[in-house]
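To keep things simple, chains are lettered A, B and C as they appear, and every chain counts its residues starting from 1.
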Amino acid sequence: MRADAVPVLTARGVSIEYDVDPPVRAVRNASLTLHRGEILGLAGESGCGKTTLAYGINRLLKAPALMTAGEVTFHDADGRDIDVVELRGDSLRRFRWDKVSMVFQGSMNSLNPVMSIRAQLHDVFTTHRPGMTRREREARCAELLGLVGVDPSRLSSFPHELSGGMRQRVMIAMALALDPQVMIMDEPTTALDVVVQRGIIREIMRLRERLGFAVIFITHDLPLLIEISDRIAIMLEGEIVEQGTAVEIYRAPRHDYTKRLLASFPSLRGDRGDFVRRGAVTTGGAA
Amino acid sequence: MSFYLRRITFYVVTLWAAISLNFLLPRLLPGDPAQIMIGKLRRANGGRPISEEMIDAITSILGSDEGSMWDQYLAYWGRLLQGDLGVSSTRYPAPVAELIAQALPWTIILVGVATVISFVLGIVVGAWVGWRRGTWLDHLVPITTVFQSIPYFWLALVLVAVFSVNLGLFPIIGGYDFFAFPAGPEWSWAFVGSAVTHAILPATTIVLSSVGGWLLGMRNMMVSTLSEDYVVTAEAKGLTPRRIRTRYAARNAAIPSLAGFGIALGFVVAGSIVMEQVFSYPGIGKLMIQSVQGLDYALMQGVFLIITITVLAANFFMDVIYGFIDPRARHNG
Amino acid sequence: MDDAQSTLDPAVADDEITSNRAIAFDSPAAADAVREASRETVAIATPPSRRFRNLLPRRSAKLVGGLVIVGAIVLFGILGPLIAQPPRDSDNPSLEPPSADHWLGTTKLGYDVFAQLAWGAQGSLMIGLVAGTIALVLAVVFGVLAGYFGGVVDEALSLLTNIMLVIPGLPLVMVIAAYVQRSEGLGDFARSSVLVAIVLGITGWAGSAVVLRAQARSLRTREYVAAARVAGERAWRVIFVEILPNLVPLLAAQFIFGIIFAILGEAGLSYLGLGATGSITWGTVLNDAQTGQAVGTGAWWWFVPPGAMIAALGAGLSLINFAIDEVVNPKLRLAPENARQVRRAAKAGRGVTETGVIA
């Protein structure tokens, strides 16, 4: 952990339950801390609760999910501490996207199909920055698209006219609109092919260097996290079973599940078929 | 652009099909309507023979023994394009086109306004009920299905029985007060006032029996749409509930209703025909009924044609609006 | 990040090896298919017995209510004529309000209204069923075949369907009825309810055809259908064995719509004097009521019950359709239920819930 690490988001003892019959405890007593400007990877298999936890932190839980316990505190840059769980109505809306924004999984349906890209980007500003003029908004939107490598002329397009990769970039641009301090990214590149994936990850890293926001990066792709994250948390069946720096997780995993996860990814090194035929535990290339 | 082109082509083809159907029906179905019609016209003329012109008009519409089918078909089109739809036997000697021109505005205004009110009301209330899903409003929904299944005309009968006969609040029949305006329609406020009071019950009938369908459809779509990803995104963006409800949810949810408008229009037409019978409303529907009951074939064909053209026009209009609202349709044609 | 050290996700690696895709481009049609796939209700991989049970609508108040209403009316149609007096027996005093002798009073001609209603139930239900069946068969032919085969067949059938859809139904039926009924060639058949049912059936299928076509099209792209076709199954078998069973809820819903449409249509026709004048249906009763000045003379027992029965039958069928709708689209049932539950739990202090759009 870096010595100057200042927490920006703290979640303590979060429990989320699906209120069905019988009730399903999706997240059990999860605690994590996100520091300013760092990338925290949240890894685990499908259904382990990582997306539910992220949604819970962001107060986006869909019925029948219910947060039964826990505190989520946002440590604002101006020194205040905001209790996210207690926010209601207007204060919750103001908090959203301004302090914490989110990039969703599978951008196929995350953009409104009947509104132009321009309208959807302007939306954010008309709601959160009512003082901006039309020209200022347009300029800022063009600037945002430029940041993520999308041609500003695409502002007039509709979502179905863009490719998957472009849509995801637009989502990222949208998430950056208000200069948030935290960005939660839920499998932002899983639905895309590797080349596009790489481009997007690159973009995210670059933007983070430049703008300084913290990222919670959710994915099942542990090797990717090891490459890009500062710290990683591993989730299994709703619990966070291990938390540590990327190096620690990679070199000295403590929990059984973490070890199993690491061993499940084939490596480009070693003999062909090694890990399948002989179950050899690969250590991959040097990080 | 290709979207509009395709739709226009479709409507042109359908129009051609409808006109051809109009041409074929009297010739294919059993009986000899042309002769029957000529006989009726002669009787209506007081037993005197009718002009060659009139006979020609009738045979071109209803079928004759001379000339091949193809020749008759071309002759039929010729007359149509000149606006000659024949002469009515039940309202002799009025030309069919004139009768239709008199009756059409009544129906279009009444049914048009009532349908628009019904549509807007259904969509707005449906969106609201869908938005507040999980509350007591959900129980309202089955009630609207009851209204939906009520036959237009029966509802009309009940309304008339209650409001007109018993309570005397509204006039029972007619489009306007016959006694006050014996010469027929005129452009005066008094007339408009009379027309409006006469239109209230019929309009209420239409609205009551069709609003349920729109409401239900919209509510269901709203419930589906609210679980879509882009609505979650909108909520995460911190947008006001109002904006989410209108720009994100309702706009998407309304699309299938618009698309289904064409199908619904068929029911509207059917219902209004019968409703005009109940209220003796001087519209196209009543004309159609009169012509069928009196076996006035020329009038019947003419009215059927005009009704079809009107429905096609309304459908096309709705298609244009649909293309405007849903950009995906515009771009995919 | 160092380019030379890229790690590979095994799933993506497989994909990269086996496909030739460049940059992923999501066409709207593909997006649509994915949307449909995610909306899939019945798990196709389940064994046949469970699959059938999954298709049945869940028992709910709406379903039970609907079945009770419809069942009662059907029973009325079956048993009513057995206990009522002959419907055309004019030996009774005319225009009498309901009494112990005549539960629903009498008509102007002295017919017992209850008897008319009971026989009318038989007539209307029969027309509804026959017309509904004809319409359903035509809808399957024009809808499923068009959706499954695609291409030229689809274009041709769709054009016919759309034309039928746009040409207004009741006027067309009226015109056909006018020509057919008054012609000498058909004799008694011209006034029978079977003819009315046939005419209603052949003019009322277009709406269902559109819906079935859309669904058949999306089913066509499913893996199990593709598997069957690759295995060399003949088209007919694929349609009957793979596609139609999955359309059962939709077919049932469209069939019910067809019945409602036919009964309402027949009522309208009969009311105008164009219907099955040779038989007794609820519509003919209403027609008699109209010509007998029932409204003017305040004989509510004559014109209210037939319409009320139509409305009741329609409502019952609609409720059943509702339940089927919730099977086809479980979100309709689950979303409101879940929202309600979570709201209740939050009130009880069990946790925090969203009060915005999501809950």
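Just so it is clear, a contact is a pair of C-beta atoms (placed from the backbone, for glycine too) under 8 Å apart; a residue touches a chain by one contact, two chains touch by 3 or more.
Since this is a predicted model, take the numbers as computed values, not measurements.
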{"item": "Category of the chain touch graph - line, ring, star, complete, other", "value": "complete"}
{"item": "Chain whose mean Cα position lies farthest from subunit C", "value": "A"}
{"item": "Closest chain to the centre of mass proxy, which here is the mean CA position", "value": "C"}
{"item": "Inter-chain centre distance, subunit A versus subunit B - centres from mean C-alpha coordinates, in Å", "value": "54"}
{"item": "Length of the line joining the C-alpha centres of subunit A and subunit C, rounded to whole Å", "value": "45"}
{"item": "Rounded Å distance, subunit B centre to subunit C centre (Cα mean)", "value": "22"}
{"item": "Multi-chain contact residues (two or more partners), subunit A", "value": "60, 62-63, 92, 108-109, 160"}
{"item": "Multi-chain contact residues (two or more partners), subunit B", "value": "134, 227, 232, 234-235, 328"}
{"item": "For subunit C, residues contacting two or more additional chains", "value": "28, 335, 338-339, 343, 354, 356, 358-359"}
{"item": "Residue ranges of subunit B touching subunit A (in the complex, touch as defined)", "value": "134, 227-230, 232-240, 243, 247-248, 251-252, 255, 325-328, 331"}
{"item": "For the subunit C and subunit A complex, residues of the former touching the latter", "value": "1, 4-10, 12-13, 15-16, 21, 23-26, 28, 31, 34-35, 335, 338-339, 341-343, 345-346, 350-356, 358-359"}
{"item": "Complex contact set, residues of subunit C against subunit B", "value": "28, 62, 65, 159, 162-163, 165-172, 174-180, 182-186, 206-207, 210, 260, 264-265, 267-268, 271-274, 286, 290, 295-296, 298, 300, 303-304, 306-307, 310-315, 317-319, 322, 325, 329, 331-332, 335-340, 343, 354, 356-359"}
{"item": "Of all residues in subunit A, those that touch subunit B in their complex", "value": "58, 60, 62-63, 92-98, 101-102, 104, 106, 108-116, 119, 123-124, 127-128, 158, 160-161, 171, 174"}
{"item": "Subunit C-facing residues of subunit B, complex", "value": "10-11, 13-14, 17-18, 21, 25-26, 29-31, 33, 133-135, 138, 141-142, 145-146, 148-155, 157-158, 160-161, 165-166, 220, 223-224, 226-227, 231-232, 234-235, 241, 244-245, 249, 262-263, 265-266, 269-271, 273-274, 277-278, 288-289, 292-293, 295, 297, 300-301, 303-304, 307-308, 311-312, 315, 328, 332"}
